[in-house]
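Input: structures, listed below.
Look for chain A in each of the two complexes below; its partner is chain B in the first and chain C in the second.
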Partner chain A sequence: MNHYMVLKKKDFNAFIEKLSKKMKVAAPVRKGVKNFAFEEVTRGDAISRVSLPTILPPKKYFMPQRETIQTFDRAVPRWNSVVSENDAIVIFGVHTCDLSGIQFLNAVMGTPPKDANYLARKANITVIGLECNDYCDAYASCKAMKTHLPSGGYDLFFTDIGDAFMVQTGSAAGETLAQETGFFTTADTGEQKKLGNIRKKKEKIFKDEISVKYANLRTVFEKTVQSEVWEDIGSRCVACGNCTNVCPTCYCFDIQDEIDLNLRTGRRVRVWDGCQNEEFAKVAGGENFRRKRGQRQRHRYMRKFAYPMEKYGTYACTGCGRCTRTCMAKISLKETIHALGEEAKS
Partner chain B sequence: MTALLESPYEVMAGKILKTRQWTDLEKYFEVELPGRKDLGHEPGQFVMISVPGVGEAPISVSSSPTRKGSFEFVIRKAGGVTGMLHTMKEGDSVGIRGPFGHGFPTQRLEGYDLLMIGGGCGNIPLHSLITFVLDNRSKFGKVDILVGCKTPETVLFAEELKDWAKRPNVRLDLTVDRGGPGWQGKVGLITKLIPGIPTDPQRTCAVVVGPPIMYKFVIQELLKKEIPDDQILVSMERHMKCGVGKCGHCQIAQYYCCREGPVFTFKEIRHFYEAI
Partner chain C sequence: MGKPRVAFFDFACCEGCQLQVANMGEDLLAVLGAIDVVEFREVMSEKGEYDIAIIEGSITTSRDVERIKKIRQKAKVLMAYGSCATIGGVNGMKNNFELDHIRRYVYKDAAKYFETIPTRAVHQVVPVDYFVNGCPIYIPEFVKALKCALIGIPYKVPDHAVCVECKLNENECLYDKGLTCLGPVTKAGCNSWCVNHNNICYGCRGMVTNPAENGARDILEKYKIPMPWVENKMNMYNKVREHDEKEEAHGKKC
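== the complex of A and B ==
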């Protein structure tokens, strides 16, 4: 059942400390002026609660950059599957954009044949969301992607209401975790009202950031497959793959074998990979089905705005703005959508 | 918490029963699973073959499921895994994962005249279907087989081709792009052979497997013959890494080639850029 509790800000430090004695706690930590990263913390005051997204989304806890999926010994004709289970971990400070990213990954990895490695990690992760009361920066498009408000995907969800956090429970696991720490009280009507006011204020602050309506996005992308916009983006893209690495819904990977120095034992690992890398769609005969950078960028966008609608019934863009923020070539998601939208009109 | 799910990356230990170097680049392998367990594949499906320490590569099964107990591959040396496979011999072990994907819809093909066209490596997955059809000969109409290869030295399944040509109601034609000394067969593109084949388009299913460039021209010829686009089947080559619709490498538009493919109807893919 969804219900509201309150955690006083003065108890926040103690709450995180107590939690970190029981299990790992990861949260955004400041890394320089505008950069933040999810890291293990043991103290509440180490946590940054600004709304700007972390460099990498929390997907790294569900699907690490590098993960052993098998071990082998060349002397024995046997491969041993490894489904490694992480220690129990709480991820605190997951913004609503990233919650929707996790929900998307859950849908993909939970579609049969299910990804046992992902699901084993997920089973040990508790997610605590944190509301953005205001925009992080001008790159976000969370209102347009309908991810600026909490909509599931969390065990607990925090909203800063001044001297306290309003805490919404999303799962029995979240409820138990909160109860066990002993810091949470039931919300009174005054606190409920404060939350209501914040949400009302958000309605005024958050406006559609892109010029194409949510319902029309898929059609716009499908109509503009042959657009010159892709040529333009392709001419600027340096194929670094940053956009896919930082994307909360990019999950493509490569599978590689590593052999130990004894040349006998080794392991098979899966590592993050991305469609922007030149080799990604190349086959053994040398044919590359997305040889040009423009084609690869189009593929990335289609995988956010067209294909997943068909397959999973949702867009795969969370509006977090990371791809634009990280792009060295200043390829902007909002500008791209705007240009395609204008073209689709004509 | 214990893992409740079995890993989709589980590898079975296969044993190589027989190998034979067929051409400079292609080598034949017969493989069995522990206890001669049936692979349970459909013609046109693929498996991931593992060489520990080197990696995994997607390889089509060339034998028909009608032949039980073991299964076959014909593997072109093209990269790390296939290069290493070429050094392997009888008794060596290889990892097998799969079979994966949708193969040729053999039930749907029943009752149709079949026009099967293979180019180069494409003849390998096609071999699985042709053997299946010939093993179930009474279920299918007339069978036309067109085989195209670059040179006489690269012709695959040469002995079997002679045998197939002798089967009742089977017509087989072989052409090479470039002839050579002693070659008395046809020389020229496979597309040239299509117009001369008498077809009743409504009751014909065409099956095309070959390099991308071949699809472009062969399919044009088939459409000229008025074979409906949902009766033209193609098998798409992509570099599958996971085989279970996750890793993204084999994606063609919204399709994962390893799951929804590798066999598609031309109708399914004709409007997708980047497909062929």
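== the complex of A and C ==
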């Protein structure tokens, strides 16, 4: 395990086609004018191998936007747990930022009380990573968040080395999957060298994108809870909820009960929810614990840079840049961190 | 207990929401299995007693005021559905003008026969138990609210932006295509129906109760969209919100 193989680019289409006959294959495809999305593919040439991070991260396969988790019959006093039956699926083209997002969610959902539905889906998912040899755009901060290089979370990991992909195995399942297709060969030293060169080049291209050092991020956020930066962000935010929905590490959800027209049977569903939504912190009686949009934004940032460090020993920001890219009000993660960093100095 | 008797009534509207109900397809049979329809002008005509009154259209004459008050007295449960009934809708555009002037503009010499008052949504005249917003109503939401009414629990219109559902549907943002969409300030619940079909959001479900006016202005500046243009767009469905004494109070009810 954990050795290198090679897939020639001329075999890429055949590889995807063969894979898609065996199981569902999802990969980034172009969506509209400027966007990309993970969608089911059956052909290699449908895949956008160079792409901006997709609108939604691959978390949608681990925890769908809307999922039935229980069913009920009012005549029988019992809730039936539903762990959705799901087909085996390969997600191809997961960038290193998103791999780190998946690793974070695995940690959260795998910590007791474990999330049975998430883990059941995860067991059927094979992840194939794809390296970014260059920046996707200026919103990314993957170097600063240390996610620009592969560091686990994949079954196979692809790097484009010109006429072929260097493929690193990350799990026995990944290795078996590659072997079964019959397209992969063992990497020779020349190919090893090409990979080494790409990594060296990346060291030059990727520079810390934010002005606060990785190790100091938590302290900066903890010191600036009362900062006016939050007032400013609050006055600009429209609470559209885009930032939390597109975040690879946001996992908040709402639970809704739905009854059938027979008014007897029904189901309990979970739907993505987010701290930016008006009703998120609203309770019976109409009180809203985070009525101000600035408070909600601060909460979002704290859930990325302060709280997860305390609970899981890691930041929950992957540096993918989605929150900034999608923001209606152009609230920038990099600018926010910079402003708070300056304030923490004084 | 027998099936609840349901009556559909319409005021100033196009009856498009009733048409939505009539065109519901397969679900209609299940709905008709759960209720007893006693009044429905689009497909039948019959007067009678009822438990649930479902109101379409806005209140635009003094006669309407009397009629809706009578219906409210008779009904155990009252549901307002469609933009006209829930937020005033396009009928609210009348409120942009001086009443006599607009009456003469529409009815010319016959104007004297048509008494008119400023357009109001149903909840601005009588208490409303259930709101199903939208122009027209989104059938899955109507069915959801109807089930709540039948079982006797509240139905809450989402108070977050259409963007939330739009993102869950992974649509490309229309602002990325250079279009101006009212999704960021409009109440969700329609499953971003229009944007799913490549159309902008016209704000037909009404504004969220706590809209970010500063933030919205910033967005308009950034995308170089003139304010009066957006105000017109916003007022197409939302003019009548001026009659809501407290936006927040309305929000709590729905």
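Methods note: the second predicted complex is superposed on the first by the 343 of 346 C-alpha atoms of A that agree within 3 Å, B and C clash if a C-alpha of one lies under 4 Å from a C-alpha of the other, contacts with A are read in each partner's own complex, and residues count from 1 in each chain.
Criterion: a residue touches a chain if its C-beta (ideal position, glycine included) is under 8 Å from a C-beta of that chain, and two chains touch if they have at least 3 such contacts.
Computed from a predicted model, the values in this text were never measured in an experiment.
Chemist: May I ask you to decide whether A:Arg293 touches chain B, chain C, both, or neither, giving the answer as first, second, both or neither?
Modeler: second
Chemist: Going by the contact rule stated at the top, is it chain B or chain C that touches a larger number of residues on chain A?
Modeler: Partner touching more chain A residues in the overlay: B.
Chemist: Who does A:Leu56 touch here: chain B (first), chain C (second), both, or neither?
Modeler: second
Chemist: Does chain B (first) or chain C (second) touch A:Gly32, or do both, or does neither?
Modeler: Second partner only.
Chemist: One more residue to check, A:Ala123. First (chain B), second (chain C), both or neither?
Modeler: first
Chemist: Between chain B and chain C, whom does A:Lys193 touch in the aligned arrangement: first, second, both, or neither?
Modeler: Neither partner.
Chemist: Determine, under the contact definition given at the top, whether A:Ile259 touches first (chain B), second (chain C), both, or neither.
Modeler: Touch status of A:Ile259: both partners.
Chemist: With the two complexes superposed on chain A, say which partner A:Lys22 touches: chain B (first), chain C (second), both, or neither.
Modeler: Touch partners of A:Lys22: none, neither chain B nor chain C.
Chemist: Pick out the shared contact residues on chain A: the ones touching chain B in one complex and chain C in the other.
Modeler: In chain A, residues 258-259, 263 are touched by chain B and also by chain C.
Chemist: Where on chain A does chain B make contact in their complex?
Modeler: Contacts found on chain A: 69-70, 72-74, 77-79, 81-83, 85, 108-109, 111, 113-117, 119-120, 123-124, 225-226, 251-259, 263, 266, 268, 270, 273, 275, 280-285, 287, 289-290, 295, 299, 302-303, 306-308, 310-311.
Chemist: Can you list the residues on chain C that touch chain A in the complex?
Modeler: Touch list, chain C to chain A: 27, 30-31, 33-34, 143-144, 147, 150-151, 158-161, 163-164, 167-173, 175-177, 183-185, 208-212, 214-216, 218-219, 222, 252.
Chemist: Inside the complex, what are the residues of chain A that reach chain C?
Modeler: These residues of chain A touch chain C: 31-35, 37, 55-56, 60, 65-66, 235-242, 245-246, 258-263, 271-272, 274, 277-279, 286, 291, 293, 326, 328-330.
Chemist: For the complex, which residues does chain B have touching chain A?
Modeler: 1-3, 5-11, 13, 15, 50, 52-57, 76, 78-79, 82, 93, 95, 121, 211-212, 237-239, 241-242, 244-249, 251-254, 273-274
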